[in-house]
Amino acid sequence: MEEASVIYGKNVTLGQHVSLEPGVRIGDNVTIGNFVVVKSGTQIGDNVQIGDLCVLGKVPFHNKKVALKPSTELNPLVIGDHVKIGSEVVIYRGVTLEYDVLVGDMASIRERVSVGESSIIGRNVIVEPRTVIGRRVTIQTSSYITSDMLIEDQVFIGPCCSTSNDKYMGLGNYKHQGPVIKKHARIGNNATLLPGVIIGEHAVVGAGAVITKDVPEGQTFVGNPGRLLARGGSSIE
Amino acid sequence: MEEASVIYGKNVTLGQHVSLEPGVRIGDNVTIGNFVVVKSGTQIGDNVQIGDLCVLGKVPFHNKKVALKPSTELNPLVIGDHVKIGSEVVIYRGVTLEYDVLVGDMASIRERVSVGESSIIGRNVIVEPRTVIGRRVTIQTSSYITSDMLIEDQVFIGPCCSTSNDKYMGLGNYKHQGPVIKKHARIGNNATLLPGVIIGEHAVVGAGAVITKDVPEGQTFVGNPGRLLARGGSSIE
Amino acid sequence: MEEASVIYGKNVTLGQHVSLEPGVRIGDNVTIGNFVVVKSGTQIGDNVQIGDLCVLGKVPFHNKKVALKPSTELNPLVIGDHVKIGSEVVIYRGVTLEYDVLVGDMASIRERVSVGESSIIGRNVIVEPRTVIGRRVTIQTSSYITSDMLIEDQVFIGPCCSTSNDKYMGLGNYKHQGPVIKKHARIGNNATLLPGVIIGEHAVVGAGAVITKDVPEGQTFVGNPGRLLARGGSSIE
């Protein structure tokens, strides 16, 4: 079909051995590295840079324990203008990356995730399905963002943070709920967030804290289990 | 040698630039993605799906500080029927993946590991040498499974868990022993297991817990250091 | 230009589809795997082994939130004699790997980092810019080494450790300072080090500890927040 061929903008630079599947659309001033796989239908905006050895627009698969919606429901991957994607990155079909998003090397983003303008998905960060990430969010290296999370604008998540969405750890077919992190909240490195906790606006979670209940707006929680930081003790932040 | 050529089943679909070394055997109805390296002797069953940019059947190397057994002792990688392997995965020679195993993107499995039927090795999970993983085990994203572990059937390991096997942290040439996790035990996200601890059947380790001693059958341990959860307190799970 | 072509030593073995940019220099007895990208100017010593699907000598990029020094200032990547590099590794321009360094699969090292003789950068380890790593250091699998750290000789860092350098978590344009880990110190798995802490010579940080202040020479700190280990309690190490 004519509409299924690859559409190139002006000034597109491709590395060696780039696999472009039918229906891919590439904007102007785009650079794509070597050994990159761009799956069918992926939409790449203007002024986008993509590193080497990436897979973009991947369709999920499953085994008997993980039932996923049919991939035919998924929209194509949409990569906005001025997005930069590192090397060895895997991004699924059904993802939207808004204007000026940065995705670091070795990061991976599953289906049905949206990432807002000028946000940073750090190196080796993994984002699970159906999570919504706002604008100017920073998620630092090696953090793990579970499914069904809401991360509002200008949230800061330090390196190696861990989140979860499954209160009973694989026991059944109940609803899973990831944490909610509200505007301007900040999470220290290697913090642990339990399923469904809400981190309030401008709240702070200390490095290494284990957050088992909601953190109110503007408060700082530290320790295991996470508790309100006593006044005067700021070094743990 | 005639026996060293690649043997193809029926209905094999290869992506672009797949490097198949001599002695590889591929079953029926197999799909292999782009830029995949399959090392010599690897055995791939029927109805197997393999993503892009993988290395399958890798031989370990070493420097002066890490002495490994000669790789010539290692059996070829064996990939069972109905196994699914994501993208950017590295699996070593000497591994066996049983029927219906799922290996997520960016996971890596070292030599002399076996993974039982219908188990899931999540994305970015790393498994070290000589660990035995049972059937219907779930190991979620970014968890680290050290060497010489035993993980029994139907264990659930949440995301970002960490295990270790070296009680004296690099001081000598004594025996290393990873944790043992017994049937149906469940481990919360970002938990830390120290060398050689035993997690009993149906035991639960809370998210973020640091487990320094054995957890008896059916008990729930939380905190740092991990202790028995007081009755009535279930939210930490 | 004549000087910009690739220079090969004796006995160089290249895999399929290796992308060698101008100015790359390869020593004697070097093996490079399949689908490897070696960026311009990279210097590879003698007796070096490089796995499949690597990117070597990458130039950093940035978006509006991360301002980096112009890459033109960066020296080429220098890979010393007898270095071994795994598969799916990304190493930036401006890095120096000394004699006999081992870099595991899926590791990544940013610009302006030096790694001393016979040190091990484990699988899936991420090292950020401007960190100095001494000789015979071991950094185990999946640990995260932030920027501006100093790791002295013969330090041992267990798996899944997390470090940070930003005391106020993204609030401004102040100086960032990573931890300092002095000679022979040992860090347990999944430990958390806060910005700027100093771990003294021969000190020990227990597995899962959260280190919010300096650990004096020879002392052992455990817990959250990390405190001096009471005498007689050694199992937590």
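Note that the chains take the letters A, B and C in the order they are written out, and that residue 1 is the start of every chain.
Just so it is clear, contacts are C-beta pairs under 8 Å (C-beta built on N, C-alpha and C of every residue); 3 or more make two chains touch, one makes a residue touch a chain.
Everything numeric in this text was worked out from a predicted model, so none of it was measured.
J.: Taking shared residue numbers divided by all residue numbers at the interface, is the value for chain B and chain C over half (same) or under half (different)?
T.: different
J.: Just send me the rotation angle from a CA overlay of chain A on chain B, rounded to the nearest 5 degrees.
T.: Angle of the fitting rotation, chain A to chain B: 120 degrees.
J.: So how far apart, in whole Å, are chain B and chain C when each is placed at the average of its C-alpha atoms?
T.: 24
J.: Quick one: which residues in chain B touch 2 or more of the other chains?
T.: In chain B, the residues touching two or more other chains are 17, 35, 53, 88, 106, 124, 142, 160, 190, 210, 224.
J.: Over in the complex, which chain A residues touch chain C? Could you list them?
T.: 15-17, 33-35, 49, 51-53, 82, 84, 86-88, 100-102, 105-106, 118, 120, 123-124, 136, 138, 141-142, 156, 158-160, 186-190, 204, 206-210, 222-224, 235-237
J.: In the complex, go through chain B and note every residue touching chain C.
T.: Against chain C, chain B makes touches at 17, 19, 35, 37, 53, 55, 58, 61-66, 88, 90, 106, 108, 124, 126, 128, 142, 144, 146, 160, 162-164, 166-171, 190, 192, 194, 210, 212-213, 224-225.
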